[in-house]
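Each of the next two complexes has chain A plus one more chain, namely chain B in the first and chain C in the second.
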Partner chain A sequence: MHTDGYRDHPVRSYVLTGGRAHPTRNTLRPETLLRAVDDGRELPGTAGRHEQALLRTCRGTLALAELAAYLHLPVSLVAVMVSDLVDGGYLAVLSTPVHDLPDTDLLEEVLDGLRGL
Partner chain B sequence: MGSADSEPRTAHHLAPTVARSVKVLVVGAFGVGKTTLIRAVSEIPMLSTEESITTASVGVDPRRDEKRTTTVAMDFGRVTVGSDTALYLFGTPGQRRFWDLWSGLADGAVGALVMVDTRDLAQSFEVLDQLEEHTRLPVAVVVNEFPDSPRHGLDEVRAALDLPEGTPVVSGDVRGRPQAVEALTTLVAHALDLRRAGNAAA
Partner chain C sequence: MSTTTPARPPATGRLLPWLCVAGMVLCVAALPLVGAAAPPWAVWVLAVAAVVLPVVAAVLLSGASRRDAAAFRALLIERDGLAAGLHETTQALRETTTALTVEQEARADQRASVETAVVALSRKVQASAHRIQEEAARMVQRHSADPDVLQTSMRIDHAAAQHARQAQSLVALCGRRPGQTWEDALPLPDVVKAAAGRITAFQRVEVSGDPGLAIVGRAVEPLVHVVAELLANATQCSPPNTQVLAVIRQVQRGAVIEIDDCGVGMDPRELSRVRAIAAGERSVGIAELGEVPQTGLAVVGTYARFLDLRVDLTESVYGGLRAVVMVPGNLTEVAATAPAVLAPGVDDGWEEPAAQEPAPDATAVRERPPSGPPVLPQRRTRRAVAGSAPAPGHRLPPAGRRPETSTPDQTAEEAGAWIGAFFAARTDAPSQDDPDTHEPSVATDGTSEDR
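Entry: the complex of A and B
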């Protein structure tokens, strides 16, 4: 399989995240739900175009993996940017991560939901 | 409202009521139908995301200090269940090293739906072994009925794969949404049974 269209080189990723490989929080998962905070505050002019695009894309609720897919960037890189934007109050984490197995309430709701499809 | 989006693809946002998410891993060898099943169930067009792996070449000409970067793609989809929960379906090959590319991919998952092709049962052994060795995920097996698949009874498949007692096995042509949803339902029901029985707790 060829994925020649993939534009982000590891060196470039490193520059985009200010040289950091890991997000400031480790609770972000591919399915973690995110949404831009709608308080009229603008990103500082120093913010990169990827941060701007990230917030625009996240005006409605999306999971981290969806955000990465729309931005054509790796999840690992987007997680670093998301962490910074959450720390800065521009982006909100809506879902709490499930540890180990989801609880019975959640599983029952998913089961009912699937049966209703 | 419907304003032109400057992003390359218009994002399919979740309903504002959705504030919980949960995931299932759709696991299987290449070509077994993971993408087909995800596409059948997903409420959004299939998405894909890539991570890169850098592999240093070992034992080759030292003048050519070559590192090769390859990318690995993961296809996924989403379906909203009930009013406030998004279910994500992440399609992954069986190898553990692959999951490790996506931090936290297996953590907190409802379970793994293992897809099996009866024309090549052997390739499913590694997938099932890896799941058993490296995770505590509830597992359900779905036999994808390709048009030219030999028809085996599900008990035969169970025996051939040496599945633990209690692991559900279903079969169907997962191009159809009802069959794909049925396979997922089987997995979630199994996860719920295990949770209730306390077998899967710490």
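Entry: the complex of A and C
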């Protein structure tokens, strides 16, 4: 069933989060960077394939919005699943301190450099 | 019955003539013996008797034969009457049978047309429920960072899913296959999760066990519906504060889903009745539902016949009922390790860059040295993608399975590695490693919600 971008799936989103739509932590923003914690811990048996797929996708450093795009899911839904995994210690949030952000000139230079590639 | 009642019993009627004949023979035999010794009157008497007795016998015999003939004729008439009656009755019976057949055919036609109408209407209702689900998904996509919108969307989605299930139950009770179909195989735990999403108390369902098996596409929808009905029964028949346990196992001949509730069970007579319905041995159509329709197990039975499932209901060790569904091996396959799609969603034009480029270029990009910076993903509008879409009639490929030309040269790992390298380089000055970039809250593992 693919009409105009809509993909249906038998498993509904509310089942994945147990009906919760609000993440357990309110610090998650679409640009928040995430990375799977690679400490050799296995996910508990109750964790489904969905949590495993999420962790597998997030083996590198990805922003929440990117993660959602790769999983083809809404950001708000991924935020709930991600915050559970962060709570469980399976995902790490990389801080993006505001004062440390490069200034606009540097960003523009980077953009020009990227375009030049 | 008999209209002719003979004056004498037939035995007497036959006996008297023969006595007369015997008397005559005696008289004729006695004549020479009597001779001259006897008085002449005795001779006369004997002679007269010898003459008269045969006459009497003849008269009697002819009377008897007349009576017999009359009785025979009466019997013939009676037989003809009976035959006519029989003929009439046969005729009436035949007419009644014909009328009954016509009536039955008319009823069957009527029932078939009613069922067709019910199926058509139910399919419409189901389609509109799915449309509601789609709109809810689009709403989330438009406000994709708003949890309140997600909450509302989930409630709408949940209500519509139950709505669609009830409509599809009606279709099943009319003996038709489900209207919804799925192309891709679905892992067994996801089948139970999908089923849980269609009942009211989905939060009470606890799934355990993952044998790494998936259900083939054509059986996904019926099986999800079967499990949904069994879960619905289980949650309704047990206290609201108890869990319903769904355990998935692999067995020699396929896979088994066991559903246990913690209710009070069922009395044996009722249990044997519903077992026959759930196993598909007793078919329950839409006309047999009765005043308080209990559609769940009838639907289970219908699909059990379609898919050759073995469904059984027994007493659970938890005190309630245990429903066991055996899925035959021809409906299962080895599950793919990475699910392509996790849940419903709306594609908003996310495409890999190589998707719009010719294939050789894509391979060239892939063959770049790994040290080189990979290409960043781009967002393109749906319209642009639709403009470059393949030939008409060819639907857009499912998002999970891109066409070969769009082989993701930029996987999540690569993108992640790239951003990771970017931040590592940024924080190069303080330290090569980035332990200080982890948020402190990571240290509070385990104190938070138990997953």
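Methods note: the second predicted complex is superposed on the first by the 86 of 117 C-alpha atoms of A that agree within 3 Å, B and C clash if a C-alpha of one lies under 4 Å from a C-alpha of the other, contacts with A are read in each partner's own complex, and residues count from 1 in each chain.
Throughout what follows, a contact is a pair of C-beta atoms (placed from the backbone, for glycine too) under 8 Å apart; a residue touches a chain by one contact, two chains touch by 3 or more.
These numbers come from a predicted model, not from an experiment.
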TODO: Look at A:82 in the shared chain and tell me whether it touches chain B only, chain C only, both, or neither; answer first, second, both or neither.
DONE: neither
Task: Which superposed partner A:62 touches (first chain B, second chain C, both, neither) - done: both
Task: Superposed model, chain A: greater residue contact from chain B or chain C - done: C
Open item on the list: I'd like to know which partner A:93 touches here: chain B for first, chain C for second, both or neither.
Closed with: second
Open item on the list: Is A:103 touching anything from chain B or chain C once the two structures are fitted on A? First, second, both or neither.
Closed with: first
TODO: Please indicate which partner A:49 is in contact with in the superposed arrangement: first for chain B, second for chain C, both, or neither.
DONE: second
- [ ] Would you sort A:111 into first (chain B), second (chain C), both or neither based on which partner it touches?
- [x] first
Open item on the list: Under the contact rule defined above, give the chain A residues that sit at the interface with chain B and also at the interface with chain C.
Closed with: 1, 3, 6, 8-10, 30, 33, 53, 56-63, 66, 68-72, 74-76, 79, 94-95, 102, 114, 117
TODO: Mind listing the chain A positions that touch chain C in their complex?
DONE: 1-19, 21-25, 27, 30, 33, 35, 37, 44-51, 53, 56-63, 66-77, 79-80, 84-90, 92-95, 102, 114, 117
Task: Touching residues on chain B, where the partner in the complex is chain A - done: 5-9, 11-16, 18-23, 41, 47-52, 54, 69, 71, 73-74, 76, 78-82, 85-88, 90, 101-105, 107-108, 110, 136, 138, 177, 181, 184-185, 188-189, 191-192, 194-196, 200-202
Task: Residues of chain C defined as touching chain A within the complex - done: 130, 133-134, 137-138, 140-141, 143-151, 153-155, 157-158, 161, 182, 186-187, 189-191, 193-194, 196-197, 202-203, 207-208, 210, 220-221, 224, 338-339, 341-350, 373, 376-377, 382, 395-400, 412-420, 423, 426, 434, 437-439, 441-442, 445-446, 448-451
Task: chain A residues touching chain B - in the complex, by the definition given at the top - done: 1, 3, 6, 8-10, 26, 28-33, 53, 56-63, 65-66, 68-72, 74-76, 79, 94-95, 97-104, 106-117
